Amino acid sequence: MLPWDTELAGRLDHATILSEVLRDNPLGDPYERPLWVYVPPGYDDDPRVRYPSVYVIQGYTGFVTMWANRAPYRQPFVETADALFASGAAPGCVVVYVDAWTAYGGSQFVDSAGTGRYHTYLCDEVVPWVDARYRTLPDRESRAIAGKSSGGFGAMITPMLRPDLFGALASHAGDTLYELCYIPEFGKAARLLRQYDHDIMRWWEDFRSRTAFTKEADHTLLMVLGVSACFSPGPDGRPRLPFDPHSGQLLPEVWQRWLDWDPVRMVDRYAGQLRSLRAVWLDAGKRDEWFLDLGTEAFRAGLARVGVPDERVSFELYDATHMAIDYRYPLALSWLAHRLAR
Amino acid sequence: MLPWDTELAGRLDHATILSEVLRDNPLGDPYERPLWVYVPPGYDDDPRVRYPSVYVIQGYTGFVTMWANRAPYRQPFVETADALFASGAAPGCVVVYVDAWTAYGGSQFVDSAGTGRYHTYLCDEVVPWVDARYRTLPDRESRAIAGKSSGGFGAMITPMLRPDLFGALASHAGDTLYELCYIPEFGKAARLLRQYDHDIMRWWEDFRSRTAFTKEADHTLLMVLGVSACFSPGPDGRPRLPFDPHSGQLLPEVWQRWLDWDPVRMVDRYAGQLRSLRAVWLDAGKRDEWFLDLGTEAFRAGLARVGVPDERVSFELYDATHMAIDYRYPLALSWLAHRLAR
Amino acid sequence: MLPWDTELAGRLDHATILSEVLRDNPLGDPYERPLWVYVPPGYDDDPRVRYPSVYVIQGYTGFVTMWANRAPYRQPFVETADALFASGAAPGCVVVYVDAWTAYGGSQFVDSAGTGRYHTYLCDEVVPWVDARYRTLPDRESRAIAGKSSGGFGAMITPMLRPDLFGALASHAGDTLYELCYIPEFGKAARLLRQYDHDIMRWWEDFRSRTAFTKEADHTLLMVLGVSACFSPGPDGRPRLPFDPHSGQLLPEVWQRWLDWDPVRMVDRYAGQLRSLRAVWLDAGKRDEWFLDLGTEAFRAGLARVGVPDERVSFELYDATHMAIDYRYPLALSWLAHRLAR
Amino acid sequence: MLPWDTELAGRLDHATILSEVLRDNPLGDPYERPLWVYVPPGYDDDPRVRYPSVYVIQGYTGFVTMWANRAPYRQPFVETADALFASGAAPGCVVVYVDAWTAYGGSQFVDSAGTGRYHTYLCDEVVPWVDARYRTLPDRESRAIAGKSSGGFGAMITPMLRPDLFGALASHAGDTLYELCYIPEFGKAARLLRQYDHDIMRWWEDFRSRTAFTKEADHTLLMVLGVSACFSPGPDGRPRLPFDPHSGQLLPEVWQRWLDWDPVRMVDRYAGQLRSLRAVWLDAGKRDEWFLDLGTEAFRAGLARVGVPDERVSFELYDATHMAIDYRYPLALSWLAHRLAR
């Protein structure tokens, strides 16, 4: 396998979408957003054929142009996805690479007074934009959403909130079971905040003023700040931490706002919506640094509890950490491609 | 400093106490227990002098004869405590080394249907036994309790429950703020249980059948099992885990039983008792593996909240992990010795 | 700072070079190679101006298209380098991004019967190719070479071997002081080989047959195999390990072939060449996983020992590991740009 | 299994030996040394029976009274050894627990101008002292030596140097293959010395002035200093480090003095002596932090190379680190007890 660029059998369009709902977003982030749309081989040959679509969203700190990143001995997902369709291993799909980056590193794909209305942007702007310009099958039964980490979270919750749009999903090590994936981070964060007078905004000012990720605190505090902006903004839109910044002790009211967004805890509230899904792919590495293998197990148990039939669910834990699991994406894509209505 | 045995200036008696309340304890552990009682230099010289007493309890898996363990370049606490009194740096105290070991590694110094009535044993058997045989000042104002880790936990809760007995305490990295010190362990435990059909009793049988601590699972599962026996035994006395053994998800009812024993959460329920204390020493290492520095910070904040005057509290975080902090014990002992009524 | 693509003020050409010396390389790797050449802002405005050139080489497993990779909160080097020239902070240079990838992950920029003649390719093919097509100052006093890790190694040795071509260098955490950077890897490798009958080629076959980097052994064994191919190929070109694959014990004859390539040990043999250099930038992170901070310190001491004047050397250790130090590259580039003859 | 003291079936004498060769040792350490001698059950019953003897030596920082230390869920070696004889699983031996502690933490059981003549003390003072006072079989065929870590090193070298005294040995994770067990420590040490002006004696002064092992540097620098005192003292007896304290680079002349003490490299020089041994037990944990599993493997390969018959060697690697492997000691003791002449 050569490491340099590969020609695609399909076509990848680098588009730009002008979002109305992100205009005036609280962080002043751009509302003109990149959007990559891939059409499979053969798309341009027969204008009568319509295709299912899969929306792909990213993990925390991801932005759409990172999909072009190359790594040794592995091909980028854009290419492995293309190879899947080119080889005939999976029937063709339109694949939409969505950007939901914010200045805090991510949006969790929710509407938030702290970051902006990224859920609405995704559902009410990106989806119609794609359906209007590409020969998709514009129906929930033919539309899926997939992602890793925060993107896996987004892939779990978006079909719960909008079952009219999405009938299938794939989550790779998606954020869930918040007691295990988040609480230990709060302990680390509280310690790191000792250097910043227990004020995360002091860290944020420092972070903005220098080369990013040169201090031990950076990764943890960025995530804690950004997810607070998504899940627990104050009335003024400023992030409120779910823990005491001196001791790390949970603040029950704020923490409850986070728990309300825990897929494991949303399962019962959205039981009907989940039962309506035609295909759910769940996987995670058994050594995931955020215990997301356990979270995925808990979410899968929740699906069983509310009556999602086993044959619609693919569940796998494998030997890996949270990192370098991009090779799982084409497995899920192929599985979804065979299950979406066409 | 020579590493071998040192002569004590005071005297250490190795006694045995026959406990009535531990008879028929559910684990079949011995009810005849070792008890070490130390009297300071001069004790035998003047039979009219009475002394304050400090009860010293141990961390998880500790038992009383471990106090004789020697380590390179450090003297055992029994000797550093003795040196304190011998040098005149601290006024003499009777120091009582209590054994509360169980087959599961510890008792958390509570009364439990899972392990036995170790709280009652300590308060209603050991204390009177000592007072009857040694010239203590048999009064709460002259009696303290001190310990590390689980022993620090015991030192925090025992005066809350029995303010009639104990008027002072010292906790070194005591267990508290359970969301941070315990929940991450549950995640680790749930993973480790995969090798045991998600059944911790299978691990326990395996553990009992071979050399202890030769498997990665041993330390985590022993603690989880043992503390469950202490805090959340079932009606039959068998330990109930506070989390789902497949996913690690918290089981709210069982978890609440643990939280009821969290010193941070007991503070408000025992505000009056805490306000009655004459001296509270709290310390922990800033890199404690169980975030007990943060727990100690939270407990200290709780004391302030309920009105314990600052001048009665000594609080310090220092650069250390949870390990090798025995050199802190004589610091606390000296501080207490100066503050106990005599 | 926006995370998506940035327009360059200069121009980046994506070229291809057809190498004669890599034709028939032993690994069957391509001899048509990508080459990126960057010209600074203003280059196209005045055809009379000639520029110094800086050749940039990559760390192990790097290949040239990885320079386009994007990361959160940091700009790629191509862009930070461009910004340097655009802002006037550094006078313009031609920057040449060289590809020396092999199937084993790298070439160490040496001529080897195990991988190919990458040193000759770089010096006798790439340099003349660039000088023939771009308005460089084709002189050693105006030509530098820079890199990180294995690229830092290449940047240290290439001017020693070819002082007629390169008069300056920058090494970021370059491989050197082999007892510290390599020997611990041999211990790890020997252990990992237990799973492969102590035969690294068995691992290599396995590695080639599946998704890369999904096994713990992969990173260490790839490096050990590849560097053996570079430094100690057998007469048949096959890599010979410098250690016993059962015990990790050094094999003195093979190990000596590695030591002959240790920059710290080359210093005395190439003292005159090193004294001829006009600028040497050396840096590394103080927590480098391969002790390359110590190696850099040893190399710097060697330069002093053989009489390289202090004023020609920039030396800095900073708080970092081996990772995420790309922000150091523009610092070195700027420093070199001010020191190259023009 | 109860955790408190156990009655021995045999008898353990706590003796003191007055050493002539340690008088005037360079560190001013005591020359009156504790010595524990254990006699098996039945020893006092029949004064005609003589027993083989096994000398047990300790790892770095060990001293003889540490043999009394107790740990949870494990019995001390003194007790597991006693149980072996009491149960009849092994025929009775006299077991001698030797103290070779120094102010630097150990002696490596060699004669050194830096620490003292501990090899001579062991061989020419302790052995005759025991044989004079206990009914041993005072012959090499009935005398073994055993130890862990530095004690394993001592157990490997002492019979090479004194085959007239020792005819059998057991090494648990003994120090050997110095490129792997020591060189990485030199890298760590060089870094740690940055805080001490690159002068290890500055660290030593600091270490002596405060609570030991409260700084990250302590464990590594103590070992490096102490082993330098043993293997490479200067003419004045002061330790000379085998590496440059700025860069960690090996100093070949000093390093060679260490290598001269590497059991793996002594094998060929002492081939005859090794061939004369009747029993050699070698084991180590596969995850030993100092790669001593690999060292043990290399030493075992050396024995085969010089013609030690396989049936005289027991070799085993098992799943463990360097720590908590005391449960291996009775396995070796039993094996030796069956093989010593009686």
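In order of appearance the chains are A, B, C and D, and numbering begins at 1 in each one.
The rule is short, and it goes like this: a residue touches a chain if its C-beta (ideal position, glycine included) is under 8 Å from a C-beta of that chain, and two chains touch if they have at least 3 such contacts.
These numbers come from a predicted model, not from an experiment.
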Common touching chains of subunit B and subunit A: none
Euclidean distance of C-alpha centroids - subunit C vs subunit D, Å: 45
Subunit B and subunit D: spacing of chain centres that average the CA atoms, whole Å: 36
Averaged-CA centre spacing for the pair subunit D and subunit A, given as whole angstrom: 56
Touching chain combinations (by label order): A-B, A-C, B-D, C-D
Of subunit D, residues touching subunit C in the complex: 177, 179-180, 183-184, 186-187, 190-191, 244, 246-250, 264, 286, 291, 293-295, 297-298, 301
List of subunit D residues in touch with subunit B within their complex: 2-5, 30, 34, 61-66, 68-74, 99, 101, 105, 211-214, 319-320, 324, 327
